[in-house]
Amino acid sequence: MTAALAPVPGRTKLAIRGVEMTFRGGDAEVRVLEGIDLDVREAEFVCILGPSGCGKSTLLNIVAGFLAPTAGTVRIDGEDVRGPDPRRIFVFQERGVFPWLTVEGNIGFGLGRLAKEERQRRIRHYVRLVGLEGFEKAYPHELSGGMKQRVEVARALAVDPDMLYLDEPFGALDSITRLEMRRELLRIWHAEKKTILFVTHDIEESVQLADRVVVLSARPARIRRIVEIDLPHPRDLSARRYLELRDGIFEEIGLAHKV
Amino acid sequence: MIPQPPAGNKGGRVNSAGLTDPETAVPRPLPVRRSRLIPFAGIALLLVLWDLAIRFGNVPLLPGPVAVARAIGELAYRGFLVKHLVASLFRVTWGYLLAVSVGVPFGILLALYRRGGLALAPLVEVVRPISALAWIPLAILWFGVGDLSSVFIIFIASVFPLAVAAMSAVEGVSSTHWNAGRNFGLSAGEIGRRVLLPAILPRLLVGLRLALGIAWLVVVAAEMIAVNSGLGFLIIDARNAGNRYDLVVAGMVLIGAIGLGLDFAMRRMEGLPALRWGYAGGAETP
Amino acid sequence: MKSRFRLESALLPAAAAAAIAALWWAAVVWTKTNVFPSPAAVARGIAELARKGLLLAYVRDSLLRVAAGYGAALAVGIPLGVILGWRPEAGRAANPVIQFLRPISPLAWIPVAIVLFGVNDGAAIFLIFLASLFPILVSAMNGVRGVPAMYRQAGANFGLAPGALLARVVFPAALPEILTGLRIALGVAWIVVVAAEMIAVNSGLGYLVIDSRNAGKRYDLVVAAMLLIGAIGLLLNILVQRVSRLRAVRWGFREEAS
């Protein structure tokens, strides 16, 4: 298992150039992504924000190597992305957890090539990191949604990837658990310094988490704006700057402030 | 420690929070002791109706439950019970295991290789509705009259449902799991072993159980025609050789009991803890 | 891409069928068999049947028996299944009986059928009825039982009496599962009619299979009959699948997005 390259803040990790995606379904062609250019720096936390169905998940799948774009390139550390890679782990929603393996089994899934002791050590470390001590032998169907999500995150982290891709990972959770999970994620990010790409449709979430928010338009998706979030962590949700940035994005998307 | 679904919520769907959805839980209205008796009440009612129908109906030949019970005793006493049972089970086992070893890999391959699936699945759909018994003339032509023919018939009857079940199990594997397997850098063989096989196991087991039921139905029919031992043979022979309808119905009862037993055993396997994840949330399958 | 997919899904099976026919023909030639027919012989056999007017007559007879037995199973199985599903206690009483009777091959009922109906169509139809009854009954039971309490509560909330609740809420909600049972039952009915005809009557495709062999080792007709059985079975299956695509029930068969 190659150790993650020591992150050099500021260096370009991910370079997306001119990515376009067109799906051919039946006799119709659906243009999902248009002219996406984006650079992501090492150890950055970038949120991709857009309404449901706009193509943000498609973009993430392309970056992760599960889909090939109809045009454009994706380069990580200077190399073309040609397929999924254990150095960049995709965190699906809780459904990505393997239901036939226990918590331990899931977290240790990518660690097959390690010596048994090392594997056990890592599993224990990440079980503790995500707060699931005591549940090592439980099966996913015995766990709540939030716990399953944590298993998935632990599984991703256990193989020590350089990059994490998260596709609306907290979407199926209740709002209280969501707040907790965001805090957890930030804590882990500070501790492990991974480069993170996080897809969401939740404006508040993006401002709470990201260094930069990439706002996508509706389909066909283009980058409307990239917002720098210059707030320190931990972020005060009532601070004026937070509200400014949040409202700015609201306006960008064209939403009113009143319900 | 491990969150348990609230007691008394049987059979409900499990929602995304991992808990039994109270909306779909089946309520338990009766106290435990009384509700345990209900299944027996059904059988008892059936027996009573049967007995009355024979006594007061106008069917001179058909036996009542008591006569059938006596006939079973007679078979056991004369040693035929075991003999016929073993013969039928023997044929089922061979035919079924052969069908599993051919049909399941075939079905998996059909699902994995798109072109192969497109080419062959329609052909399987044409051969599948052909009753196994329609193969009897060919079976006799190729294998002669005897055990081999009836094993072949059972094989033919089970191999297509098994292939279809394996195919649909593979198609049912969520793409999320495939992708996760690829993401972790697993080779094709490893994905097959560590993702595909565990993921298809619950649905495959259901298919195996249903196919075993079909195999059991067919063994009885196959024996009526091609051999001279076994429960199917018993039924036909008892009638032909002397209108012993009590033996005929005794044979039917035994067939039902064994079929039930086989089904029950397979369901037990499906309930193993390592597999129970596949059923959290599904209604009972037929 | 869709048209390419369509092209492939038509061409590939045709190519596979042609390949199998070629292998078959080669096997017949290579083993120099006198008995087993070549593909051409089977085709000629079908033509002969058509010429004699037997083709349509036998197909019609088999289909009529299926219609009768299957129809009877529908008429009994759906109402009975709905009632058993609606009242869980009744369902639990009936369940062991059903589970016990189900594994008994319909053909094991032949002697009983013959006693009750004599050696004729009645016996064959009775067997088909028995065989189709169980999938329909079980799926109706399960379908009704599986209707979420949420739906029943909503219906009651709108002031529906039990009868209307059953007709307007429970039955439609259970329909997808019932349709699945209907499809399975039709497949079973088709298999059983062929088997029943081999034993109890003297017309129909199943009869043709047995009689062609017994009356003169006409294996070309045996195989011809088998292919016809397969083709019609496939058509019946497609028919029922079309029904499940109707918009009134399509909602129950939509795949979950993963």
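Order of writing sets the labels: A, B and C. Residues in every chain begin at 1.
The definition used in the following text is that a residue touches a chain if its C-beta (ideal position, glycine included) is under 8 Å from a C-beta of that chain, and two chains touch if they have at least 3 such contacts.
Since we're looking at a predicted model, the values are computed, not measured.
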| item | value |
| --- | --- |
| Distance-maximising chain from chain C - centres being C-alpha averages | A |
| Chain pair bearing the highest count of C-beta contacts | B-C |
| Separation of mean Cα positions, chain B and chain A [Å, integer] | 45 |
| Whole-Å separation of chain centres (CA-atom averages), chain B against chain C | 17 |
| Computed distance of Cα centres, chain C from chain A, in Å | 49 |
| Multi-partner residues of chain C (each touching 2 or more other chains) | 258 |
| Chain A, residues touching no fewer than two other chains | 95 |
| Per-residue multi-chain contacts in chain B, two or more chains | 174, 176 |
| Complex contact set, residues of chain C against chain B | 8-9, 12-13, 15-17, 20, 35-36, 88-89, 92-97, 99-112, 115-116, 135, 138-139, 142, 145-146, 148-150, 177, 181, 184, 187, 190-192, 194-195, 198-199, 206, 209-210, 212-213, 219, 222-223, 225-227, 229-234, 236-237, 258 |
| Residues of chain A that touch chain B when the two form their complex | 64, 66, 83-86, 88-90, 92, 94-96, 98-101, 109-110, 112, 134-135, 138-145, 147-148, 159, 172, 174 |
| Residues of chain B touching chain A in the complex | 1-3, 14, 16-19, 174, 176-177, 179-180, 182-185, 190, 194-195, 198-199, 201, 273-278, 280 |
| Chain B to chain C touching residues, read off their complex | 13, 21, 23-27, 29-30, 35, 38-43, 45-46, 59, 61-62, 115, 118-123, 125-138, 140-141, 174-176, 213, 216-218, 220-221, 224, 231-232, 235-236, 239, 245, 248-249, 251-252, 255-260, 262-263, 283-284, 286 |
